[in-house]
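Note that the chains take the letters A, B, C and D in the order they are written out, and that residue 1 is the start of every chain.
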Amino acid sequence: MQHKIPVGVLGATGMVGQQYIKLLASHPWFKVAYVAASLRSAGMPYKQAINTRWCMDIAIPNNVADLIVEDATDVQKALGKCRFVFSALEMESKEAIQALEASYAAAAMPVVSNTSAHRHTPDVPMLIPEVNARHLEILPAQQKHNGWNNGFIVAKPNCSLQSYVAPLYALMREGFSIQKVMVTTLQALSGAGYPGVSALDVVDNVVPFISGEEEKTQEEPLKILGEIENEKFVYRKDISISAQCTRVPVLDGHLACVSVLFGPAKPTREQIIKIWKNFRAAPQELDLPFAPKQPIIYLDQENRPQPRQDRLNDKGMAVTVGRLRPCPVLDYKFAALSHNTIRGAAGGGILNAELLVAKGYIR
Amino acid sequence: MQHKIPVGVLGATGMVGQQYIKLLASHPWFKVAYVAASLRSAGMPYKQAINTRWCMDIAIPNNVADLIVEDATDVQKALGKCRFVFSALEMESKEAIQALEASYAAAAMPVVSNTSAHRHTPDVPMLIPEVNARHLEILPAQQKHNGWNNGFIVAKPNCSLQSYVAPLYALMREGFSIQKVMVTTLQALSGAGYPGVSALDVVDNVVPFISGEEEKTQEEPLKILGEIENEKFVYRKDISISAQCTRVPVLDGHLACVSVLFGPAKPTREQIIKIWKNFRAAPQELDLPFAPKQPIIYLDQENRPQPRQDRLNDKGMAVTVGRLRPCPVLDYKFAALSHNTIRGAAGGGILNAELLVAKGYIR
Amino acid sequence: MQHKIPVGVLGATGMVGQQYIKLLASHPWFKVAYVAASLRSAGMPYKQAINTRWCMDIAIPNNVADLIVEDATDVQKALGKCRFVFSALEMESKEAIQALEASYAAAAMPVVSNTSAHRHTPDVPMLIPEVNARHLEILPAQQKHNGWNNGFIVAKPNCSLQSYVAPLYALMREGFSIQKVMVTTLQALSGAGYPGVSALDVVDNVVPFISGEEEKTQEEPLKILGEIENEKFVYRKDISISAQCTRVPVLDGHLACVSVLFGPAKPTREQIIKIWKNFRAAPQELDLPFAPKQPIIYLDQENRPQPRQDRLNDKGMAVTVGRLRPCPVLDYKFAALSHNTIRGAAGGGILNAELLVAKGYIR
Amino acid sequence: MQHKIPVGVLGATGMVGQQYIKLLASHPWFKVAYVAASLRSAGMPYKQAINTRWCMDIAIPNNVADLIVEDATDVQKALGKCRFVFSALEMESKEAIQALEASYAAAAMPVVSNTSAHRHTPDVPMLIPEVNARHLEILPAQQKHNGWNNGFIVAKPNCSLQSYVAPLYALMREGFSIQKVMVTTLQALSGAGYPGVSALDVVDNVVPFISGEEEKTQEEPLKILGEIENEKFVYRKDISISAQCTRVPVLDGHLACVSVLFGPAKPTREQIIKIWKNFRAAPQELDLPFAPKQPIIYLDQENRPQPRQDRLNDKGMAVTVGRLRPCPVLDYKFAALSHNTIRGAAGGGILNAELLVAKGYIR
């Protein structure tokens, strides 16, 4: 235990913060050594601060239960206690989160963020390790721009797009350009946090709207799939994405119904499935602890993927795809599934941190 | 009561048959005078044949409860007892239903069918009265082809497309051609009948597949929106539709997330909404009893339509639309909802029959 | 319309307040002429104050939509505008509601309350019109105690006990004393208001606890079934009730599994069912508009009552009972169902008001 | 692997059969070496026979996937291939299962049964290893009565009573007699198998009836808690149990709301909780692989146990109890939860087999 890297969790009492604490409970590289939240919780042991709000399906890990919760806005408290922080901050404004995450970075504390605050900051990478691990190369420029020494910020994208960006990227990497993407998501309740969605809204019902979700689903992939030019990210202009996001009474696991137009080269159905099955990238090559062995699992059954059946594939870190078939309007359509609170939140953040360690950005 | 038209229901013990009996309970023009089902039920009073399978939320109407159920395959039994039949037949094969419906027509008994058997028969109209009432003009040719005197067959389309075909047609009628349509449906459980979907499949789950549903959703509109040439229907070739159909834990009400490409003329958002709000067609002009006053209801709230909130609009006969917004891939996207067992099944069949009476095809 | 009694709704923007407005939309005796809520809503037209929170399945009635919402704590505003008020107040403390309801009564404004504030006030009747209409006789004493002239307070009991108190009372009235009652409730989501229960708590789950509910379920019937002595209510001491209350993913309709011990006289199963089927009381004799024709409906099917199938029996005002069978521990057990937001809330309050009018307490 | 005991699974393609195969996938003592089902599946490899019906959340274990499914009615096929069989037979009648299980026993093949067929056979123990391990002492008499040499039959009780029989027994063992028990169960969908309950019956609904379940819940504990006299079981006559069984939309985990009357000695609340927390019995003393470390887990939170949160405690083999409080009618009431397909079915059967091995009945 003494050789594990001590890590901090900002926003440790929220849903995503709890997920981090759960998923890090037996992590081979990291141990939670620092927890911070709002002033209201500060000064109390974690188990007392969280009280009845703990909603993970394991007990609070012993080493975290007695940690004193610190005020997340007091950056100095974290120094010396952890090597980097996972940010699951929930604050009154995006600007407040941006400023606070930057304060940690300025204090030489790398920030592996789950928030949307810096996703579109021009020199902050928005990372899916299987897709754009090379985007970490911008970090020296980010530090230079801000005058930071050892701190930096790395963001991760929204949970709603995790199911289809890796499958599309896998095809792009093999030379098949993507021109247009239509996606309708059927998103799980846990994406709205707790208490989140009222039961009265989803018993015998679905809701064809999630605030802000379609914009994220359409725009974030254009940065993730983009390039670095002149020390900042340039978004793809040759891909258009249209998203319709709905809420369904599923606990975990976002399902996406996707149609895609390739061009000019068109893969065959067999080529696509083969590319997906064989897809491996940086996390697999580096054998990162949270990396799924096979990042894209293709199922042949006609009625899969399904959230409850497939969300925990490879501990919730794999994307499961199925029903690849021709699309009468674009080229192909398929269904894709990703666990929104594991791959789409804390698990994805942990994989980002593992990549940063493996690549030497966190030492 | 003595002046109402006596009607028959074939398949009267099934889910759709029960819906017909419920919806016709106080119909101003029609009264159920004849019920037929499989040989197993034949000879028993309806209330005894249906026993515990009655699952409507009203009691069995008195005038039907004591009707003796006849064998649906014995066409002679119906003669003299009813003026026409609603067909909700469930048989072992499509061919068997085709043949039986044709037998009724041959016996001078018009068939207003809810089945898929004759939907693609070249001289059988597949009717949405607000869209293609003029397709009834093929009936004399249908009778001529088959040598039928007063009998004929009219089909209705699948429930999955009712939510978006009328809204698209309303725009076409105003001169805005439709080129491409992408639709993802979130379909209700009642579409699968009873017992239908296992609860184990849809608690904490959705299923991205419904057998045969995508094909129907893609192909049927091309006939509905098509023309009569040389005494048969010619399908649209200038419109392509791509459907992804999913099953969600909703009791009634199919929701569709739709994107559409117009061309060459493009309506503005305001034009579209105005066209929808003002849309009236044959059922409204003829003031048919089951016609919704406003066939297309547009809601401004950002999170509507929702199945539980909107499925019963205008007694389940109106289509409710919302969230019209630009689509980054095609032109516009929107959400649309239709009640699958009312407008999409028995209610739609009744409206078809009302149109046939008003137009003089049933006398 | 001009001869209807003008009524006020306190707490008009909450769930129960909305229910009152919906159920009174076409009431033959009453019209909503006054709406009051918290200071936050005061001064706005109702439709603006309620905005997106309106969650009834009808549109806001026209005559209410434009009423200006007044501050409920300002009793003077109501005077002259309505003859009595329905109280669905939600305030920070029980004491605050008690004081405010008393202020209305002191201002000569009768209060027909849905709150729990005065349920155990010794001279306030807690009314189920079919059970204890005679308890209204305490009102002159209540007025005397408080020095009120024309105002008074009438309470109604909690929704959780509506399903079984009338069936038990019906048997008591016929001479069968009740000694012990065990009840386990499966209660609907709407009982917790909106947003109320988080969807994350009831998808693939039930919760064996509802704060305060078991105490109400056990204690309130002892007053309802009690007597007036010396100008106050004396609770039954010869009946013990034990309740276990659970929350289940049902929208509306509280189901109760009940066991009962009689003594010394024991009815037969046939006697019980006959008594229930024949039970009529003051609301039926007075032919009150909201009175169910048959207050207790007994179903013979072995798997009924069920919330979705039976909650709307007689417009949600009847209790539906089934599965009467011997109990190996007490004497008999049965299942009982009542609509919690109609009979158990606003509908029950309206029936109370109708009784007050019919009995001349409201003029 | 070569030293594990080869076991057979009868009814291997059903839900419970699949559970056995899943739970035995990495069992330290047993390996599945023989699978049998109906004639329809016989002759095919298991993976082919089960095809799309496999609904466990792991893949079919490799060593089972290729086993040839045999005809379960052909006892000879099993001989030499396995040391004993788990029976999860589903046949047209109870008598057929009784006869077939007896045939296996007669062929010297011990039967560890999950069926209800022999639960009330006078010399067949109905086993909960923590409660009545000593009931195995009847097996020599069972063999003598039937003329069997090494074969015998052991039954397990219904899933609906697993949550409360061990907690009650724990108190009885400490000298507190139980006189009366009232129980209302909220039972999970998986108890009805697949497809089992229609989704249309449990969306926005619960059902207050499960065929045959109340009788089992009331009668089986009287044998489990009974004694052997004259080589057969004598049922308790001094305990009465009354059950009301309901179906709720929960995937797994039966919840019971229980009230109990002690006498004459009454434990304090603290005594009860202490007894439960300290309760250990034969499976724990023998350190059986499937034994929960702590068979009865008591939770202090006021809103627990809950099915989704607590069903998997100690791998689904522990009973979770909470909300112990005085009962106004009997003495105490509490809520109890048990996983119906693990502890209540295959997991319970495996624990029975482990006990038989540890006690030397299976060698």
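The working rule: contacts are C-beta pairs under 8 Å (C-beta built on N, C-alpha and C of every residue); 3 or more make two chains touch, one makes a residue touch a chain.
Treat the numbers as computed from the prediction; the structure is a model and nothing was measured.
Under the contact definition stated at the top, the chains bordering both chain C and chain D are A, B. Between chain A and chain D, the least number of touching-chain steps is 1.
Among the other chains, A has the CA centre that is most remote from the centre of chain C. Note on interfaces B-C and A-B: more C-beta pairs are in contact across A-B.
The geometric centre of chain B is 49 Å away from that of chain D, both derived from CA atoms. In whole angstrom, the spacing between the mean C-alpha positions of chain B and chain C is 42. If each chain is reduced to the centroid of its CA atoms, chain A and chain B end up 43 Å from each other. Residue positions of chain B with contacts to 2 or more other chains are 203-204, 249-251, 309. Chain A contributes residues 52, 57, 203-204, 301, 309, 312 to its touches with chain D in the complex. Listed in rising order, the residues of chain A touching chain C in the complex are 55, 189-190, 194-204, 249-251.
The touching residues of chain D, counted against chain C in their complex, run 180-182, 184, 186, 204-209, 218, 240-242, 244, 246, 248-251, 255, 257, 259, 302-309, 322-323, 327-330, 333, 335.
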